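Written out below as structure tokens is the structure these notes cover.
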Amino acid sequence: MKRDRTLLVLISALVVLLAIGPILPQWAVSFVSVVLYLGIVVLGMALLMRTGLVSFGQGLYYCLGAYAAGATPELIELVDGFARGLSQPHWAPVRLVLNAFTGALKLVQTPFGPSDLLTMVMAGALLAVVVAAVLGLLLARYRGIFFAMLSLAFSMILYGLLVRTSELGSTDGFGLSVKSFAGIALSTHWARDAIYAFSAVTAFACAIALHRYLNSYRGRLASAIRDNELRVEYMGASVRSLIHLNYVISAALAGIGGALMAATIGHVDPETTANWTTSGDFVFITILSGTGNVAAPFLGAGIFEAVRTFALEYVPNTWQMTLGITMLLVIMFLPDGLWSMFVRRRRSA
Amino acid sequence: MFVIAVGLTLIYGVMKILNVAHGSMYALGAYTASTFAGYWLAHGHAPYASYAVLVAAAVLVGLVAGPVIERGLLRFMYGRDEVVLVLITYAVFLILEDVTKLVFGVDPILVAEPYGMLGNFQIGDLVYPVYSLVLVVVAVLAGVALALALNHTRQGKILRAVIHDREMSMALGINVSRVYFVTFTIGAMLAALGGALTAPTTSVQLGIGAEVIVLAFAIVVIGGLGSLSGAALGALIVGLVRSAAVHYRPEVELFSVYMVMALVLIVRPKGLFAAAEARKI
Amino acid sequence: MPSRTSFPGRYAAAALLCALATCVLAQDTKPIRIGFVTFLSGPAAGPFGMPAKWAAEAIVESLNAGNVPAPYAVRGFGGRPLELTVVDEAGGATKQVSEFRNLVERARVDYVVGYISSGDCLAVAPVAEEMQKLTVLFDCGTPRIFEEASYKYVFRTRPHATMDAVGAALYLLETRPSVRSFGGINPNYAWGQDSWSDFTAAMSVLQPDAKTTTSQMPKFGAGQYGAEISALLASGSEVIHSSLWGGDLEAFMLQAAPRALFAKSQLVLVAGEPYLRALGGIIPDGTVVGARGTHGVFAPNSALNTWLRDIYRAKSGGANPSYPAYDAALAFLGLKAAYERAKIAKLAASIPMGANKGVKEAMEAAYGSGPSQEEVVAAFEHLSFDSPSGRMSMQLGKGHQAASGTAYGTTKVVNGRVTVTNIRYYPPERVQPPDGVSSAEWIKSGMKPAK
Amino acid sequence: MTAVLEARDLNKSFGAVTAAAQINVQIEQDSVVGLIGSNGAGKTTFINLVTGYLTPTSGRVLYLGREITGLNPRRITQLGICRSFQIPQLFNSLSVSENLAVGVGIAARSTRRDASDGGQPAQVEQLIERFNLRGYAGQLAGQLPEGVRKLLDIAMAVAGRPKVLLLDEPTSGVSAEEKFRLMDMVMGALTAEGVTVLFVEHDMEIVGRYTHRVLAFYEGRIIADGDPATVLNDGEVRRYVIGMQNQHKEAAGAAH
């Protein structure tokens, strides 16, 4: 019955968002869009946290998503070139994988062309999933602070690489613009609304999907792993493979979020994606939201973004401080995140 | 760098807190030290005493900031999840960033005298300032002192006991809260000292805290969280790798450290010097 | 249609116009709100953000007081006072885009002036265009902005960074033709990378047989350069090019000085000028320094220049304005010039030539509303205006990008104070590509003087 | 009579300490075997070796004649050897029925039987009934009293549909009067399933009542092996195992 309520909440939220979209002032529209893509990323973080893991490097996939969205053709170039580089026979398997990957990218790109919103998001998710699938092999062995640190390291390596790649604009990054959606050409003005609507729908879809997943056998197993890996192994299930799976899912979500970010903002750069401070923000929002419910991440993202914007506008000299204090207050008084407030109220009611 | 890392690893070892605010301690140390030293020299006091001023500033920061944070905030948080604790210190870090800005302003502070005063020495055809040598010596001394303290004084033994097994030492009636308090203060002091001693060699500007903390994390993780010798080795490795990168592959310098960290973790999942804890079932 | 008015009529009209102009411009109505975006936190706040902020505030106050030397004597913009909303640029391009929207739609500013980081400029420009809000980029340097796209509502009143590298190369080779080897230490982000690649490109054109020894790219804000300095020492370069700035530059100089790096190699500090005072006693004689334009010590001796120096000193407590301050001045004076040009044009348009009757209505018409944004934009394009840094002309980027000459000099310590001697000026066409040519191309193709 | 489980020359040493020395034993289908011995005698080590938590220094473990030495716990569990723990290993943030559901779910998947969620709720109900956890079904495992935790721990082992079940001190931490009820319940549930059971136990009454066969451990060796009566009366056993037990008892008694 809890499931029903969540479903209800989400659906009504979606309806409301789509309904008020046209009448919202632009800044509000972009604000909501930001909240939506942040929320999607945090959904993934929440899943990891359910499994007992916290990633300090989720920016990695956020960044990959954004860059894939902005530069799918360049990406294909890059990887193809790299694959060609590995000419020796013993690299054959690697080359095979890479080709398969670029093949997939091209496939994604063909129907609507590179600067199409759908292409962007799919490319973003795809790249993130592929990379996560590989790194996951390694990361699934790690727990706690070491998982966090290793993921951080990977994200920072990507950061370093991007800063070195002047083809991708180095630290300045590069701009991009959404020209069409599913092949339908969009004017600049319509593009914004399209992105907004699409973000809302995507966020909704991700939330529902994750909600179902969490209430499935595997979802329960995730909590079981967090509680007691040993017992899970002793009941005949593979902890590592489930962690790997969940890691890939969270990466996919981060990738989608990143792609939507690129589309919404119209600009990507390493500093605001792959750098550890961004991953830190994600961790913060996750703690802020709590893992209680799939709607929580969006709530958390909303509050986080609101605090940051207003702090930046009204106390430009001490916005970091404001953010820090908010953080402390939440951690102190809402240990299980904002969602716990609602739960408690329901209990008392 | 080593001094800072030691402080970090000490705090982690004892309190199981990966302390992001450590970076702010470093920054505060640097700012306070350079401000004091600047003032000292500006008023024409004995220039050589400025070293004492630097250290004094560090101790001051440690003694003020450390207790405030530990008593005022952290002690309410013990027993929370490690990651939450990291976040708490991150929050403190953010707050202190702005505090530093409000107190010391945004202009880089440049107090170079202590750096130049000692003259230089030559190795091959490369010239080094004596001051860097001093830094090395201080680092080594700090390390040795700490090691001795840990191994040969009663408090040190208590500390090690807590590092080894918190519950047990509580059961044995060790006042863990007090141990935490002392540890955090010492840790803060070390960080501030690191900052204070680095201050003269560079220009103290906003954001140095963030710079340092990430590097320190890398070092500590490479060495194995909570291990002093690990921190030493980690600092050494990071230093060597960076300069090697600078000399041979400047373009990878930016992330060489993380490369190393990743590699080390891949080979030794818990860092180089980490004690594996067995689990009774 | 050709006017057939009589001489006296025309004369009268002209006279009247002037009269109108002054009195209308003096007219005081509701304030013009300007959003000013600059670094208030982070490492860029000290050397750039705050100087720019102080300058902006000082300039606005002075403009509102109406005590700016000619041709800017009119109070505010065309008589309307200015109101400043300052926003922190920290937080990266992504956040700045949202902040820009807030600034325009919540704070409802009339114009936006700002952005120091090239990344932020690149990110914000398209949004400004989309939202059709006149935006003046005041300090960022990357040529990409108008070379990769063209905008209607985006202007940049400072010349772009190409001239820094080209000017450095020109000056170096004029003062030291014998250079055969040079290395570099540049911050590892777009500005440093571009600056280095442009410089090497220019050198390879002007001095093909000079070889590059090493290119050090320390992390931005690293603060420790021991290893890099050793590498530079080992490289044995005659010249070392550096676009480091702020605390990084100070730290580098500080650590390099005792290690006798400067005894071995001559320094070229592209952005060195603002730090001469801080680096007194460290910076060696014979260091080539630039100010990214004819700013600071390179600024011409003019009433405007003294004006800026005075108000800035008053604001910042004695410090001399560095180039971010000059850039701020460029932005505000440029905008003012455009605004008033538009206003006069509008006024002229609204006066039926030769008819003394109806003038009253015309004046009424002109009195109320200032020029529309569109009119200001039109007036801004290809505008030339005076500034503390000399005369600026918006001749690049289809009339949206300022071009100016630049200057370099050599440091010399004269009784304890660092001074800049042997200053050489380079006209715009020698250090900047003609409109429509990308900087990289232009340098490679031998830097043919524009036009 | 085929041996369902067999250990051959099993050795395990941690540095200087020998936890298992030359253990040779065959366990027949459907038997109930008690493992006795003072603390540190090697009972739990034996279980850990069989279930793959530890890998033997030397020697082999066979299950239905098949080599399982060095397989990891997951594989071994999937083959049908389940265990319970001296310290209950539960999913504390899940309710009792969720705990069991996870167990049943895993079993259903690993042994390719009715992988659909179909039959599982029924099985969970069944387990709750058998181990009469009805009263606790909705509670979080983390908040259960120790006795119930023990019970749930065993129930989860059973949820894996074992052919062989190893119980590590099923009655430890359970009050004296509870013990028999618990064992009745467990044994009832298991014999119904037709499971071979090995359990570690200190209480000789329980050993005497429920086992067909007893293995007495001392310093990693099996010093006696046979039907309860003989083993429990064996001189060595009395000296090294039961004697100590009694001392324990007296000590405990004195303390009370």
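Note that the chains are named A, B, C and D in the order they appear, and that numbering of residues resets to 1 at the start of each chain.
The rule is short, and it goes like this: contacts are C-beta pairs under 8 Å (C-beta built on N, C-alpha and C of every residue); 3 or more make two chains touch, one makes a residue touch a chain.
Here the structure is a predicted model, which is why all the values come from computation and not from measurement.
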Leftover contact groups, counting everything except subunit C: one piece
Central chain (distance from its CA mean to the mean of all protein CA atoms): A
Centroid comparison with subunit D (C-alpha atoms), farthest chain: C
Distance from subunit D to subunit C - Cα centre to Cα centre, in angstrom: 79
Distance between the centres, which are taken as Cα means, of subunit C and subunit A, whole angstrom: 38
Computed distance of Cα centres, subunit D from subunit A, in Å: 45
For subunit B, residues contacting two or more additional chains: 97-98, 101, 251, 254, 281
Per-residue multi-chain contacts in subunit A, two or more chains: 163-164, 230, 317, 319-320
Touching two or more other chains - residues of subunit C: 40-41, 188
Residues of subunit A touching subunit C in the complex: 25-27, 30-31, 34, 163-164, 166, 169-175, 177, 188-189, 192, 261, 265-267, 269, 271-273, 308-309, 312-313, 316-317, 319-320
Residues of subunit B touching subunit A in the complex: 18, 73, 76-77, 80, 82-84, 86-88, 90-95, 97-99, 101-102, 210, 214, 217-218, 221, 225, 251-252, 254-255, 258-259, 261-262, 265-266, 269-270, 279, 281
Contacting residues of subunit A [partner subunit B, same complex]: 54, 138, 141-142, 144-146, 148-150, 152-154, 156-157, 159-161, 163-164, 230, 276-277, 280, 283-284, 287, 317-321, 323-325, 327-328, 331-332, 335
Subunit C partner contacts - residues on subunit B that touch it in the complex: 97-98, 101, 105-108, 110, 112, 115-116, 119-120, 125-129, 132, 198, 201-208, 211, 242-243, 246-247, 250-251, 253-254
In the complex, subunit C residues that touch subunit B: 40-43, 45-47, 49-50, 188, 214-219, 221-224, 226-228, 230-231, 233-234, 246-248, 250-251, 254-255, 257-260, 278, 282
